[in-house]
């Protein structure tokens, strides 16, 4: 079978996850192309060499430009800090290579739009790693809404809460650097926005609220000097969807005890859906019209009847994990690269998500409702 | 022991609950006064007579003014539709009698303020039935926050969702009549606002969003003509607390499948609390600093160690119910009437709650942030 | 309306609960007789007088025989330690008075049978306080099984676990006195047996296992001398139902952390039911034949569609509590005393339950399967 | 790095899972040997060739003897129906090759013992796929018990319930063939027995109960003729552990609605643990001695602090899946094959598990308690 040479830039949390997903996807799914872990780039030759060995890449480089130029690299996969997404992606696009980029796409919507324009001008396939959209239970939520099983959507209530920045002594990281964009509203907020758009549709206007809970942090691990934090630790917004539904979104990385509360409820005129990624294999479904005395939310466990699950396990309820979701994402991407169904979210969709992120922040700063189109 | 003659005006859902609570409280708690179900007033003599028999009142009347004037009535208890709260309460106050009134106190903050002023001018004891504040698990939440166990409060996320108006064919009722005030934001929203204030403190400003989901409904049970609905079916707001915390509030009576989702989470700098009244005997607590590998939310079941529970049952986990919570409220009221600890929420607190309700609605209509002090 | 003079013997945990239930029932339900808390008997005059005042009884006595003889006492209600159930009940029966007795009925099946025979010989109405049978969710379980909604019953898996004897330093109480019968298998085990019989039907044979976890305990509160414990702290059994189903039962009062885990699952050929009294307002229901991809257990919240709930609250999901269940029991008893539907479980049913208790213990001691008919 | 040539016999549900795990393990963990999917054997050349391509094996064969003889095969991995485990394993052992075999090891304890003896006589490394023992939450349960955090173990209550044979029209499969051993007690029961032994220790005696719920089934998919079912659809047992604890075990594949209820609770003198594989990333922990009013079960979410999790994801609560657990198993096996920590469960442990399986069945047939040593 034809091979797909993967060039990975970045080898942190998400780099590892991508490498694993490419490796796993070929065994799990009947892919049209065989991914090969061809080349890994990182900040310098040593870091890259070590990471390549650990993640199973054939070769490594300290220069991402070399990676893009490498003839064996068919796909440029970007898992660097956000601030680097644009230069790398633009270079890859210029080289005519498809790009798979982690979220959020760019520090702000304007830069994201540049990336969209560049990619669309050259007809490049792009993909952004909003992985939870590939969770079969999120796919099921979308399917249930689209089918009308819960009627017209009335409201959406979503949150992405984790607690990794709760400790005021947790040091400054690139996620806190305003140069890379906003804070939690970008890092986690973009996930819940991506789900809101995926399941309900476009968001027309927002009114936001953001807060920096810990105003300064040690400048780095073990550092004694402090560094000012300029991004948000917590953000929330009321939203108006284009289709008429309303809702609220929230993101926080200081929610003590929440490890992976990417949770949402969609209420329709004839039912309600709820999903929480701390139990990512479950979807709660209520529909009106159940027999009297037998009404209740149903807990649906992910199983072979749901999108992509059967490839992992023929038995229901046996549970998919975080990396499996990424593997589904890779399958969708490889399929698209081979000319199959278009991959979503692409750069354009990621830009739309980023516009909502920016709108929340700007609305919060200006203390007013804002049309997303203003961004 | 001295008796407390109870005069109840109104005999619907909450009237029944009050009657039961007065009856039960005397057996459950060592009360300083013995409540006597003395007189019940309703829309006419027949309705009142029938209700009095069903609820165990000694006498009945079709004229609430007669009830207030009745020398055996020591406490005027109002469970009528909201629009009647003010005239009855003002008359009772004028007669120098303490008033126990269901929530929300009045159709709007201005009228609520008249009631506060009247009561305070005469030094009348007042009480408003925000019963969930008496849930031992809500008391525990307040205690945990006040003690600093979860550090400084960072955020509050609350909702009161039920589904009794989901069906578009559900007929118009007094709850939908704009003359009585706002819609769900008053009926259910006032509960979650009362908890937010009780646990976290005063709310300084809000930005709200309201929606009428079903624009017209059958004018009454079985009616073929339709009546326009002018109040909100759904409301939400972002809020800024005076103490620095931020948060969101939501109320809806069209949340298919939600029967009693009066739920909130309080996140502090060192922990998180969560409560949901569909499981009103549970409180989830997470605190930072747990040993590695053993971190988790704890599910605390209501038991004798918590406020008022022991009077109902000496064994933990045996569950209190909706009416038990009301019984605790009545105990607190009777205690206050006998000169014990002041009852809260009184009219003043209910007015403060109403101001937030009004602020949410006005903010939504004006599409802007609003200081609650503007109301 | 005609009054029902209640004579209560015993004023501990269950005495309080009975007093409350009689008081509450009249306000909650349209009863055919009005219960009056007429006379309370306890170990001596002082204890009885104090308890009577606390529980709202009109009079008191230190002599339960006087209570039985009292002409104002229409119903003899026994909430004493188990060892006293028989003499008091037999005396009441001899006096021709109906008896309401706490569970378990007697220290052993033989004594329970004497009580049955005496009552039946005189046609006396009897009632035993297996209160959880009156939980609307248990009634719903029974209804679902009886209706065939889950097909033929295949198996039953039940447990009643609490933790009040977990601490080895918890002192000896009458519950541990072998003179009063068995240990936890009688105290808690009888509850899960009562449910098994109520929902599934008669139990034909058992093989049991019992264990005394803490072999000796302080002889009393604060005592320094120790007393040997001869009864079981933990018991379990495999069972064969007469109708063909099989199952397991377990009882323990040393299950650290379990406060009210009276839980069971019934599996049928076409579905499964599960109930846990730590969330006594919920029933989990799964039925086969659900649409593909939409299969799941449904969480049914107690509401007005279920037995007796509507009398407490017109709104679903608002939660009943422990005492409400006892109030339903009292309603059923008063109804029966007025000539309405026969009350179950009566002495005969309680004897049948006791036979299973005894069979478990004897089977455990003899290390063999035992037909319940051998007891 | 040195390679490990994997020869897989069988390509069904578990064959797929093994192939995936070998592929994934090398990317997830820093393995001492690099697994290579060398050769796949199945019932005939065509089936094997097709499976090899699907699962990513380099070569295939219709003859498992050829696989054992193949010099590139360093490890013989058996995922065939149970009845074939013995001949293949014995041949591999004779060839001096390590064996990785799916569970249960053999149709009965006697045959399992032959396998143990053969392997031990030649000093062959063996491994049996009781994968749930590798779940980090099961490892945590074992660690908590071993550390004494919950005191001495008092009892164990375990069940493995699924519903894949609920439908009476589900056709006969090899799992139902008595030639391959027992029914659900072997297929699922062996899992819960393996956990009971892993967490609590050896089981000394049992009394069992087994039942065939559906007495005959279509002989195959779409078949009109019926075939008698001679194995159990449901089994349960009371058990006595050698260390003094007691407990119960249950297995059923006709538990409507249960998809992966491999669940257990361990009660100790100072705490309780509970795990359910329908939520395999959670462990419930209660310990005595918590502060008053703050007592509760803690829900611990799997995270980097727990065994092996960090290799999959640096963030807690992000969830492992079924295949990840198998990947941990493979890591442990590859480590052992490279001379690292001994792999458990090996053939000897699998034989001990099988003895309990056999003891439950024999005890059920003979209707008596049985020492496991009798098997």
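For clarity, chains are labelled A, B, C and D in written order, and residue numbers in each chain start from 1.
Keep in mind that, in the parts below, a contact is a pair of C-beta atoms (placed from the backbone, for glycine too) under 8 Å apart; a residue touches a chain by one contact, two chains touch by 3 or more.
Note that the coordinates shown come from a computational prediction; the quantities given were computed from them, not determined experimentally.
More inter-chain C-beta contacts link the pair C-D than the other of C-D and A-C.
Note on A-B: across the candidates B-C, A-D or C-D, the interface recurring with over half of the contact pairs conserved by residue number is C-D.
Taking each chain's centre as the average of its CA atoms, chain A and chain D sit 35 Å apart. Centre to centre, using the average C-alpha position, chain A and chain C are separated by 54 Å.
Rounded to whole angstrom units, the spacing between the C-alpha centres of chain C and chain D is 41. Counting partner chains per residue, chain D has residues 258, 295-297, 301, 303, 316 touching two or more of them. Chain B contributes residues 140, 285, 292-301, 303, 305-306, 316 to its touches with chain D in the complex. Residues 13, 17, 19-20, 23-24, 26-28, 30, 54-56, 162, 164, 258-260, 277-281, 301, 303, 312-324 of chain D are the ones that touch chain A when the two sit in their complex. Residue ranges of chain D in contact with chain C, taken from their complex: 150, 154-155, 157, 159, 166-168, 207-209, 211, 213, 234, 236-238, 240, 246-248, 250, 252, 254-258, 267-272, 286-288, 295-297, 367-369.
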